């Protein structure tokens, strides 16, 4: 029998090793797998390279992971947001690396990795500092830069519902990077608000087919990052 | 108001011009927009380049379009199937061109066109005759070929349900090339078994967002290609 | 540099309306964060415009009533929004297919600087020590989407934002189509910057004095 | 060339079972058209295997009962199939993401020829005038999916299919992992072709006589 369900966030993240490349879904708090990130903090893996659109808020979730000095390098499109304090401070002190990637290029580099495509050309960033050092090439008279794929060892993803095959559906704009991050990692680890029986998810409406998912854990009442930040909570508590 | 619904297949295909590049959805008969193809035969556009996985069966649908000598060139992965007679004959007589493309490369070339990506690298076809004349390049010690995007002027697509914004859902394995062909054409023309009110399609389960679609026509009782072929029907009848 | 203390020219609301008038019925529009968001409130009667937010929603509606916020239904500025009937959700790669693949028709953006060739700088002031953050800005201007910039004509300090050459890091080269300021509507043409409309009571010379790049009249 | 009229060796059903045994629980498997399809009928008790068909279905089930065929629910061979609980449908670009991106674990294919280096020829005999048709064959072997070939050891005319060099156009170079024939199970190793198992009553020499490439014993 196939059963990708694990009992706890701790069990789900147990194999993440020092130095791993880890993708983390979410756009701001929407879709951020906060319980998996906290389990990763407890687990202790360090020297991580983290790929995520932002760098987290306050002192919970991704921001807490960074605050605990577990992250060597961030690959993201928008490292500062209204309540991001941890990353800016470390960055200014030269204590964390940053690779800044345009958001669409980031999504496509992740997808291409999952699709077995090692490189592609894009018009994004041509003529800007973010194209510096990148190969460029003309097609039909227009200039493009070549972008290499990004692959991760693990991805941590949040979704609305999952089954034991790892089929997933998401909630509204919390979908964002989840589907491509499941494609783009060796081991995709997912927290679902609900685990349902096989066949309960409409096969026409499954967004992430289970083939892209390795582990699923139910977190039925996930924390709301913005509330924790408003209360100035700090993980671990 | 936005209203992409048109009254008939004839109206839907009216703008297709001689020499146009036309994508046609379907894998065998599943997803083949037979009424739109028949309307295109009636309309008369010729010298077409057609991109479709197969070349049609019997003397209906795509096979009939080819039989009427409207197609100058086929770009496809599998031009012969059990009941394909028209294409093989014309091809053997040198009366139609063929560009043979591996199926996954075909899908990705179509998607990349829709995504503004002019070229990408793939391992598919390396070391085979289909890589002849293509640029190849090593990434991390493995060889890949560079594939250019394909763009079309029009695509003809079949789906299960649509609304006036052009949002689409498909039926089972009839989905196949429909979504990427909607992305990859200047003007995507869709026949839907049913047109529904705005809001009836679950926004979480829309497969093709309306932005990729230009025209929608309801064909509530589409012909079944395999039945027509079994009866040896020939279009026009 | 000229003092801009006099209160003449269009209000921010007027500016947003000027942009909205130039967006035809049936358009797919991406609105940047801040002033661009106001454009949605000025769509002329009878037009239907569909808003895209790059974090995965086509058919974005207005802010929800208080108490109806959903932390998982937000826009690119991470504000709570709603979804209209006929909306759809999708993942980031599909979302940027809509952008990079030129399926979006218009993008309305703010700017730090626009050059006379239409170069745009709107993501970084290049200040030493600042945390660089680009988001989707470079993707939005990379395709052939019409790019409308909405911005005050000068900085608060009266420094021109429409310049000969951008001094801030570029978002994209030759990408801006039209600039909507409090003083004028300016089209970026191959031959230079052309003033299409002046705000009430504003003269061409008044605008030129507040613009580093050379302006033309049609 | 040796006559193969004697009815020794494994039946087609045995061959399919041999392949099925080598596919562990939880695998994602793509089965080629024809003989490979039989593998699905031989999954050992207690194992759950999920079948992918490249035309957009993960969780393909057996053929439907007569009268329950849906022309829009077919496999890559364009035969009617069913979908199991837990299945999902997707478009072609996503389907080949599963293939090219190595998410599929095993692919079982037929062959015209396999070389001693594991080159596979299974899409064209290169006959002049023949209509070339490749389908998804080249995509399936392009990644790092384990490729199992199931095939009679020789052609009907007794011509070896396991050869030094393929004479037919290649599907892919160095792609085959194991060959399951009516006479033997042969692993393609860096050092050459190694016979892992012989069919009952079949000797190594008997197999070697019907094989152009040199065979080895482990």
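We call the chains A, B, C and D, going by the order they appear; numbering starts again at 1 in every chain.
Just so it is clear, contacts are C-beta pairs under 8 Å (C-beta built on N, C-alpha and C of every residue); 3 or more make two chains touch, one makes a residue touch a chain.
Note that the structure is a prediction, hence the values are computed from the model and not measured.
*Asks:* Name, by label, each chain that touches both members of the pair subunit A and subunit B.
*Replies:* Per touch definition, common to subunit A and subunit B: C, D.
*Asks:* Based on the averaged CA atom positions, which chain is farthest from subunit D?
*Replies:* The chain lying farthest from subunit D is C.
*Asks:* Is the number of contacting C-beta pairs greater for A-D or for A-C?
*Replies:* A-C
*Asks:* Roughly how far is subunit C from subunit D, going centre to centre by Cα mean, in whole Å?
*Replies:* Taking the average C-alpha coordinate of subunit C and of subunit D, the gap between them is 56 Å.
*Asks:* CA centre of subunit A versus CA centre of subunit D: separation in Å?
*Replies:* 36
*Asks:* Which integer distance in Å separates the CA centroid of subunit B from that of subunit D?
*Replies:* 29
*Asks:* So which stretches of subunit B touch two or more other chains?
*Replies:* Only 108, 111, 115-117, 122-123, 170-172, 204, 207 qualify.
*Asks:* Which parts of subunit C, given as residue numbers and ranges, touch two or more other chains?
*Replies:* 83, 89-90, 93, 96, 99-100, 142-143
*Asks:* Linking chains that touch, what shape results: line, ring, star, complete or other?
*Replies:* other
*Asks:* Could you list each pair of chains that touch one another?
*Replies:* A-B, A-C, A-D, B-C, B-D
*Asks:* Show which residues of subunit C lie in contact with subunit B when the two form their complex.
*Replies:* Residues of subunit C touching subunit B: 25-26, 28, 46, 48, 50, 52, 58-59, 83, 85-90, 93-94, 96-104, 142-143.
*Asks:* Sort out for me which residues of subunit A touch subunit B in the complex.
*Replies:* Per the stated touch rule, the residues are 108, 112, 115-123, 139-140, 142, 144, 148, 169-172, 202, 204-205, 207.
*Asks:* So in the complex, the part of subunit A that touches subunit C is made up of which residues?
*Replies:* For subunit A paired with subunit C, touching residues are 27-31, 77-82, 87-88, 91-92, 98, 100-108, 110-111, 122-130, 170-180, 207, 224-226.
*Asks:* For the complex, give me every residue of subunit D touching subunit B.
*Replies:* 53-57, 70-75, 78, 83, 89-93, 95-96, 99-100, 119, 129, 131-139, 142-143, 169-173
*Asks:* Write out the stretch or stretches of subunit A touching subunit D in their complex.
*Replies:* For subunit A paired with subunit D, touching residues are 1-2, 111, 113-117, 163-165, 167, 183, 198-199, 201, 203-204, 206, 209-212.
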